[in-house]
Amino acid sequence: MELIFQVLVSGLLIGGVYALISVGLNLIFGVVRIINFAHGEVLMLAMYATFWLNKFFGMDPYLSALLVLPAMFFFGVLVQRVIVQPIQEASSNMQIFATVALSLILQNLALIFWKGDFRTIQTSYAMSTLEVMNIIISVPRLVAFLVALVSILSLFSFLKHTFVGKALRAIVEDNTVARLMGIKVERLYLLAFGLGAAFTALGGILLIPFSSVYPTVGVPFTLIAFIVVVLGGLGSMSGTFMAGLFIGVVETFGGTYVSPALKEALYFGIFILVLLVRPQGLFGKGKGTEEIGLK
Amino acid sequence: MSANRWQLLGFILLAAVVAAPVLVDSKFILHMVTLIFFYVAMTSAWNIPVFGGKMSLGHAAFFGIGGYTGAILYVKFGVSPWIGLVAGVAMSLLGGVIMTLPLLRLRGPFFTLASIAFAEVLRMIAIDWRSLTNGSVGLNIPFKPGWANLTFQSGLPFYFISLILAAAVVFVSYRLRHSALGFHLRASASNDEAAQALGVDTRRAHFIGLLWSSGLTGLIGVFYVFFIYVVEPNTMFSIPLFSLQPALNGIIGGIGTIWGPVIGAVIMTPLGEYLRFYLGTIQQGLNFVVYGVVLIVTVNFIPGGIVSLLARLKPSKGSNGPGSPSGAKEVR
Amino acid sequence: MALLQVKNLTKRFGGLTAVKQVSFDIQPGEIVGLIGPNGAGKTTLFNLISGILNPEDGEIILDGRPIKQLSPARRSLAGLGRTFQIVRPFTMTVLENVMVPLLARDPHMGKAREEGMQVLTLLRLDHLADAQPDSLTLAYRKRIEVARALATRPKLLMLDEVLAGLNPTEISENLPIIRQVHERGVTIFIIEHLMDALMAVSQRVLVMDQGVLIANGSPQEVTSNECVIKAYLGEETPTC
């Protein structure tokens, strides 16, 4: 019985991070309407940056967020400007290949420059745990969850209450009308990509204490992020959060009770199920199906 | 140079490639040309759903299913590879049905994403289901030369087999494109709603297109395992090798056309091997970086591929011969 | 028996009722026009009948057969043809465009080619059979749209703004084609903003305003109808 709670808690904690990473994608996809196959690589780059800062300057991973996050923000802006903007109007098939190419390039550049070894950062708190009601909670995972929660709430607030946030939401709802209202859509694409990248990067940094870094570390996260976004419903931050937690829990239960190797089959199954049964996601705003790209 | 001159040059080049092993006695060239033919076949098979605008990146799944079916039947049950061919096609058709039915409702990028996931899942299953597939250790095709076992001492038989296979797949692709199915796929890619309003069952058209594609890919997979003898999950279900590579070939050559996949495969296969051996040994991963850059450049500047470059040379109002790109500009 | 029976058709988008309890019949052999101010719900009505949208309420019966549950493709096969307001011919030659619906009914290429040419000849497009539509003028592209729909051998052909965007010369060239098609036995249901054109060609006119059918009669009756006039002038029409 206790095991179930233990697994549940672990699942929720990691789910928070999944939610954070997916929120980044939700923003990018919702605003710019591009499927970014290189999403996981943003994570990977952030993790490597943190690793190197730690290696050369002894900087604590959480602290290095102060440097890495702005850097990844600019990286996101760069990707949007250089890779995505030229093909914004092209067929979505071509867009796919551009981001797939980007993903390939980034993974292999990482391989070339930093080799394939699994890197880890040792921190004093990596192994520390708390015990609450007979459930053991890993401190870094708890921190990750809390930071993710706070970040998502701030993003939610930003989108709801600031002018820029509202402009972004307007674009998500109806790009053409937003344009006609005078919103500088191209510039907001840059912002959305930058923000999305920054949030994703934060997710990566939060993973550092309990995950190694290697060139293909980001690959599974691209799929997870898409599943979470589809499950939660495009345009819904709370939906993404809930879906993130759900996927985290499902993954942890699946990994514990079924088989760790078949996690991906599980994700895929959920993905298909959602698409077939409730394509607009659990909390998707009504227009969901078109946005998600269903007929 | 006028379009016709380019076409002539192209044919001469193609003839040279085909004839090379006959003219030059080199195991390396023989192997390379055989590989080129395999990729011509694979790329043409991948290209069939592209007539309808569906670009799957999950074809490694069908390739692996076909290959493994043939290999498992032969190695574990002693079933002849020739029967394995039929079984391989049947299994990859089944895989096609499983992948396609739920996924066809998805638009372009989501379909592609889901297709990648499908291939990945199969790879994991192949690694995990050790009792069937020997897991990561893989299967080895025992070396018992003879046509009955589809295993040979010399590289020549596979040169002919792959040549015939390539020609057959290109031919099937040609016939499909110029059939009612081809028309419907192209119409759907162009404007799905209008096509439906005209009475075209576009879902069914895409489904059938994908079945052809998966079946052919599976067939090629079976031949391939007997060509390379070693069957293991990370190769047979490799997304870069059997999903991305055909897609890359297709895009560079010209997606949605008949000659595009051929041109793309003929150019990119030796290039890819070169990149892999020379750049790959200097620096592992460099070849993929080059692939990525080439892909981005192509997508940005010549989305219609080489075929579209050639088409630009023709005087404008040509009718749609085998070379007019569909899928490059259309959304779905 | 009426060729098309529409009963109490209703479509809501969230809080907005785009089509409200619309009922009318179209008899075989008629040419019926559909007019109304912008946003009246005309294209939505077309979309409901052709199957692109699903109604919240109501029935649609084509040639005695209820078609509400049928997909757009099946409705086409049942004899319903339609053109779209924003014409987008397929990226293939004009002849190939027309062959698409023919092949959906009979996959023989030779036959489709022949019949395709016949349709093109009827619409005076045969000299453009091998042309690419995007190199042609809007007027020609609109004609291709009609040719394509005609190739489906519709019992009822719905034309959505087939003359919009054309200059007077082009209109005078394309308008007789509508009559020609009608003479071949096709019942026509036409949305058109150009009053003169529509009135000239229609035997009966339906008028919609804000989702409601406010008039149904001959062109003369409709143009002198008070409600209709008010609707077009943007005035309130409480008694209609």
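Order of writing sets the labels: A, B and C. Residues in every chain begin at 1.
The working rule: contacts are C-beta pairs under 8 Å (C-beta built on N, C-alpha and C of every residue); 3 or more make two chains touch, one makes a residue touch a chain.
On a predicted model such as this, the values are computed, not experimentally measured, just so you know.
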| item | value |
| --- | --- |
| Chain nearest the overall C-alpha centroid of the shown protein atoms | B |
| Farthest chain relative to chain A (centres taken as mean CA coordinates) | C |
| Between B-C and A-B, the pair joined by more C-beta contacts | A-B |
| Whole-Å gap separating chain A and chain C, where each centre is the average of the chain's CA atoms | 47 |
| Centre-of-Cα separation between chain B and chain A, whole angstrom | 32 |
| Distance between chain centroids, defined by C-alpha means - chain B, chain C (Å) | 43 |
| Set of chain B residues in contact with two or more other chains | 329-330 |
| Contact footprint of chain B on chain A as seen in their complex | 34-35, 37, 83, 86-87, 90-98, 100-105, 107-109, 111-112, 116, 215, 223, 226, 230, 259, 261-262, 264-265, 267-268, 271-272, 275-276, 279, 292-295 |
| Chain B-touching residues of chain C, taken from the complex the two chains share | 50, 52, 71-74, 76-77, 81-82, 84, 88, 90-93, 96, 99-101, 103-105, 107, 109, 112, 130-132, 135, 148-149, 151-152 |
| Interface residues, chain B side, partner chain C - complex | 178-180, 183-184, 186-187, 189-191, 193-202, 316-317, 319-320, 324, 326, 329-330 |
| Contact footprint of chain A on chain B as seen in their complex | 53, 55, 57, 102-103, 105-110, 112-114, 116-118, 120-121, 124-125, 127-128, 192, 240, 244, 247, 251, 283-286, 288-289, 291-293, 295-296, 299-300, 303, 327-332 |
